[in-house]
Each structure stands twice: as structure tokens, then as C-alpha cells.
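Letters are used for the chains, namely A, B and C, taken in the order the chains are written, and counting of residues starts over at 1 for each.
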Amino acid sequence: MTYSWNWGVLLQEPYLQWLGWGLALTLAISLSALVIALSVGTAVGVLRSSDHAVLRAVTGAYISVFRNIPLLLQMFLWFFVVPELLPAGAGHWLKRDLPYPEIVTAIVALGLFTSSRIAVQVSAGIDAVPRGQRMAAKAAGLSQLQAYRLVLLPQALRIIIPPLTSEILTIFKNSSVALTIGVYELTTQTQQIQSITYQGFEAFTAATILYVAIAMTVTVIMRAIERRVALPGTTSGGLHVRF
Amino acid sequence: MTSHEMIKVEGLSKSFGPLEVLKECSLTVRRGEVVVICGPSGSGKSTLVKCINGIEEFERGQVWIEGEALPSRGRAAARLRARVGMVFQHFELYPHLTVLENICLAPVHVLKRPRTEAAAKARALLARVGLADKEAAYPAQLSGGQQQRIAIVRALAMDPVAMLFDEPTSALDPEMIGEVLAVMLELARDGMTMIVVTHEMGFAKSAADRVVFMDKGAIVEIDETQAFFAAPRSDRARLFLSRILAH
Amino acid sequence: MSASDLAPITNSLPFLLQGLGLSVLLTAIAMVGGIVLGLVIALVRLTRVPVLAPFAALYVNGFRAVPLILVIFWFYFLVPLLLGRSVGALYSVLIAFVMFEGAYYSEIMRAGLQSVRVGQWQAAKALGLGYLQTVRLIALPQALRNMAPLMVTQGVILFQDTALVYVVSLHDFMTSVSIVANNTSSPVEMYVFAALVYLAICQVGNALAGRLKRASRTA
């Protein structure tokens, strides 16, 4: 194996700047998508857990569609297909006037893709709350909405913190798929550096270290949250449930 | 219906698929009366009390609370349910809330009472059951007996017109049963209308005005307490009593 | 959709089927390779083999922290460099997928083996069985019931992930679809068609996982 090392390339301009921008874009896309994924996912998960047959069917179809089509293809669908299917005016606006269309597309696609997975976890978490809790809330005269907000969701969300952590880690990794629609996020930038300088080792090592750092940060934050919301007098957040 | 009738159940029937769990059950409970429901397991006792405040749905029959018919669902049903307190076999305290938050949840969110007022009332009730020092504890930090006493307080904080107890001591260790029964006895003495599903025949003898005996989803007999224990009318009740009093 | 809308699909059907074949092949090899590698890694970690066990942990956590696309790029760049000659994208991608899936499958196997009750291990030990015999004869057969649905679910995710070989222009189903979409200027028809194909295949996988899950509960 012949390879000429040059770690200095990472500190040269413009490559250092490329890495910085790539990292910033990866964080921005992932965090924005996370907001969409958590809010849509929780809403869909709650509706999925209701005993209303139509709601269950609709949310089931939603989850099925967003879970079973590759993320890469979902990005293509939002980018190339949706603007064509919309009324002319809206499609035109998406293609011409929307600022940073590829970034917005990546955020929406990644957010909705992940929302289906979070919805599954939320509804499993609600199902894992003992049935008696629903009854106690009902017996006290709470409305359905109050029962979810005050009794069921606070318990369900605690139960799903571990699987939710891995979903959040995945969202950062999956943001790299935005590369395929031309977003210059972290993976794209390192691939660019490699193809220009041929210093693949250095470029990919930099990206690897940054992704590992992101993963470690997310893990530390989620552990802190888990400890913070853990219920006194119990182990593992107090609500031991196996999926 | 006269004003001294607190709870009235008429022709209540419910089935799970082909299985009839309640058959034409009728019962009237007067204001201030304590009624104990007993019977072998699977006889429909728990289902009956859960239908009385509508947390279980039923196909046929009607329930009235203070003369007001219980609607099957919706806001009106929730409002009426809030007037009847319920104590569960497994306590069902909310594990993510402190004792005080558990007690104040429904008064604040259902009755829209100010938080300070709800908290003051909660503290007074906690003191009455001897748990004033536990208001900041979480359910998992308490014994079963303490949790069940708090569950009773949680129900009382809503100023209920009647209380339903669904086997309140059967999930407790033997040494904790007494402390819960003591609270229930005091409530009975204070004139609370109570329907209690229990196997504790000692409690029935000392607190109940009448005893309802159920078997296979039907009410077999309703007697004055003394008469029930002296000479139950049905063979099934006699058999049940001889078995349960044997231990 | 009218018949003319379907023309790009029907005209290039052999090409698309070839792509689908590669996707399935990639999935199959990565799944089998990943399960074998995952079992080895799981055993190394569970038995706490000195030196190797921390290394295995690093391997698993490292692969699970980085995006698959980056792993594909790594191997696409590394494999020819290590071999000293170019071997084509397919081999790099196969190695990348097996190594990557090995990390994920090892976690499924580890949890599965750990779920076998301690008493079962002790009983086997009392009968004089060695560790690997216990794994093969006692633990794995029991753990398999719990692991099978998760392994299939991971396979469904893996099948979707094979679409990522698009980034090294390997002609899997996704890449073939995009080539036809570009050549015939029919992105709407082609991508919707591809979505339906993926949806159908993944649903079959999910249904299988669901059946295995029910079977493991009743067993």
C-alpha cells in the first residue's frame, strides 16, 4: 500500500472551512428535522393509540408509507415528484422561489421519515402504560385530551426514552442522505475534499470523528434527561416495560 | 325516584363477545348507605362497579346518580363521573406525580379549583389519614397501604357524593390491610355513601348496611347485613360464605 | 395512469429487474454475512475475551455512530488501496455492508443471548457442557425465537439501505430507476413506481416479522 499522508490538508483553506460548513449544515438539518419528527410523530402516535377505528387505519397507513420507502427515494419524491403533482402555481413556487430548496426538502423528508418511527414508539409507549391508569383518569372525570396530556403521555415518554435516543442518533446519521439531492452537509464535504485532494484517509477520518462526537454528545444529553425525569424510588425511570 | 336514592342501577347487562359478564343487574343505594358486594371471583363484581361510574361501557340498562341518568360518553358523562369517587385494586396512583400532585390533579383540571385551594384541601385530607409528611413523596417510595390511603384521599379531594371501592385491599400485604380498612370504616361512620367490592367479611359485618351477593354475572341476593351472615337465602351464597369464613 | 405513462417502466423492465436483483442480492449477502459476523462479535463481547472484547465494543459503537454513506465511501476508497488494484464498486460495497450490518446484528444477538435465563446456563454447566456447546445447543435455539422478528425487521431496514449504493453508481434498483427517470424525463412515473415496489416488498418483510413475533409469544 502506497499512500502519502498529509494530515495538514484538513487545516488548509478552503478545506477547513468546508468541514465547518458541512458540520453546521448537518446539525441544522438534523435538529430541524428532529422538531418535525417529534411533533408529527407524537401526534400520529397518540391518534394511533386511540380506539377509533378510522383514526387507527389512517395513522397505520401513514406509518406504513413513511417507514417502508427508502429515505433516499423519499427525498427524490419530495424534490422531483411533489412539485409536479401540485397545482401549477404552488409547484412553480417550490421550484423557483423557495429559498434553499434542497435543504428545505431534506429537512421535510428526513423529519417525516423519522416521524413514522417515532409514532410507532409513542403508541407502543402509550400501550405500555397500565390500563388502570386510563381508568383512573377517566374515573376522575378527566377528558380524553387531559388524560393524554396529564397522565398517559408523561409516562409513555419516560418509557420510550431509550429507543427514542437511538432514533435521534439515527436522524443525525440519516441527514447524510441529503447528499443525494445536492446538500453540502458533512459527508458531502469530506467526499469533495477526498475527490479533489485524494487525501481520503484524512478527510473520512475527520468526518468519522465529527459523527462520533455528535453521537457521544447526543447520548450524554439523553442520559442527563433520563436521569432528570427518572422517578424517585424506582430504577430505570420507574416504568419497567419490555417491548 | 326519591331524593334519598343516591345510586340506582336498573337492568344492567354487558357481554364480552358471547360471554355475558353482567345479567340484568339492578340495585338501589340510599344516601349514606354502605353496601358491600361479594361473590366468587369472576362473578362480575368489579365490572358492575366500573359500570356504575361508566368507566366500563355496557350494552343495556341505565345508571342514575342522584337522579341524573349517566350518559354513555362525552363531557356530561365525565362531569357526572367526577362526582363519584373510585378506589382501585392496584391503587392506580399516577407514578410520575408526587402525592400532592396526584391529589390535586383532578380538582385543578376538572373542577377548575385554584391550585392553592386544592393543595390546602389535599393537605387537610392527608393529615386525616396520617400521611401529612408524605406530600412530596412519589408513589414508588410508599408502601402499598400508604398508596391506597392516598388513593382514597385523591378520590375524596373531589368532594364525591359517593365512593366506589373495587377490592381495595386484595393487592395489599396482610399487615397493611388494617390501616386501609380503618380509613374506610371512618368514612362509613361519617356518613359517606359507599359501594365496596371486597372479600373482607369483617369489614362487611362492621360497616355494611346491606350485602349484595353476586355469582356468574347476576345479583343472586341482596340482604340486610345481619340477615346475610346469619342465614343467606341462596345455596350459592351459603357455600360461598362457608368457604370464605373457613380461613 | 394511462398506458403511455407506463411506457418508461415497461420499456426498461429487464434493466429495472436486473437492478432489483442486485438489491436483493446485496440484502441477502449483507444479512447472512452480518448475522455470522454479528454472532462472533456478540460472543467475543459476552465472554469478555481479553483484548478482543474491548476492540469488539469499539467496532460496534464506531460503526453505529457513523452514517452508512460514509462507511460506503470509506470502503470504496480503502479496498482498492489495501489490495493495490481496483476491484470495482461491488466488492467494496459488499464488504462495507457486511461490516456495517455485523455491528447492528451483533447487538440483536447479544440482547437475544442475554435474554436466556441464567438458570438455563447454569443447568447446562451442571450437565458438563462447555460454553460454546451451551451457546449452540441451549442458548441460541431459545434466543432465536426472540431474535428472529428483530432480525427480519433489520433486514427490511437493510433492504431500504441498499438504495444508498446510488452514491457509488452501482446499478441497484434505486439507481436503475433514477437512470431511466433521467433518460426518459419521467421522474413522476418512475419514482412513484419505485416507491410502490419498495413499499410492497417491505410490507412482506414486516408481515413476516409480525408472524414471527406472534409465534415467539405463543411458543
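Everything that follows uses one rule, which is that contacts are C-beta pairs under 8 Å (C-beta built on N, C-alpha and C of every residue); 3 or more make two chains touch, one makes a residue touch a chain.
Since this is a predicted model, take the numbers as computed values, not measurements.
K.L.:
If you average the Cα atoms of each chain, whose average lands nearest the overall Cα average?
P.N.:
Central by C-alpha mean position: chain A.
K.L.:
Could you find the chain whose CA centre sits the greatest distance from that of subunit A?
P.N.:
B
K.L.:
Taking the mean of the CA coordinates per chain, how far is subunit A from subunit C in Å?
P.N.:
Centre-to-centre distance between subunit A and subunit C: 21 Å.
K.L.:
When the centre of a chain is set as the mean of its C-alpha atoms, what distance in Å lies between subunit B and subunit C?
P.N.:
Chain centroid spacing, subunit B to subunit C, equals 54 Å.
K.L.:
Measure off the straight-line distance from the CA centroid of subunit A to the CA centroid of subunit B, and report it in whole Å.
P.N.:
46
K.L.:
Mind pulling the residue numbers of subunit A that touch at least two other chains?
P.N.:
There are none in subunit A.
K.L.:
Give the list of subunit A residues in touch with subunit C in this complex.
P.N.:
Residue list for subunit A touching subunit C: 1, 3, 64-65, 67-73, 76-77, 80-81, 84-85, 169, 173-177, 179-180, 187, 190-191, 194, 200-201, 204, 207-208, 211-212, 214-216.
K.L.:
Can you tell me which positions in subunit C touch subunit A when the two form their complex?
P.N.:
62, 64-70, 73-74, 77-78, 81-82, 84, 156, 160-161, 163-164, 166-167, 174, 178, 181, 187-188, 191-192, 194-195, 198-199, 202-203, 206
K.L.:
In the complex, go through subunit B and note every residue touching subunit A.
P.N.:
Checking each residue of subunit B against subunit A gives 50, 53, 55, 75, 78-79, 81-86, 88, 90, 92-96, 105-106, 109-110, 137-142, 154-155, 158.
K.L.:
Under the definition above, what is the set of subunit A residues touching subunit B in their complex?
P.N.:
Touching subunit B: residues 130, 132-133, 135-136, 138-143, 146, 150-151, 154-155, 158, 231-234, 238-239 of subunit A.
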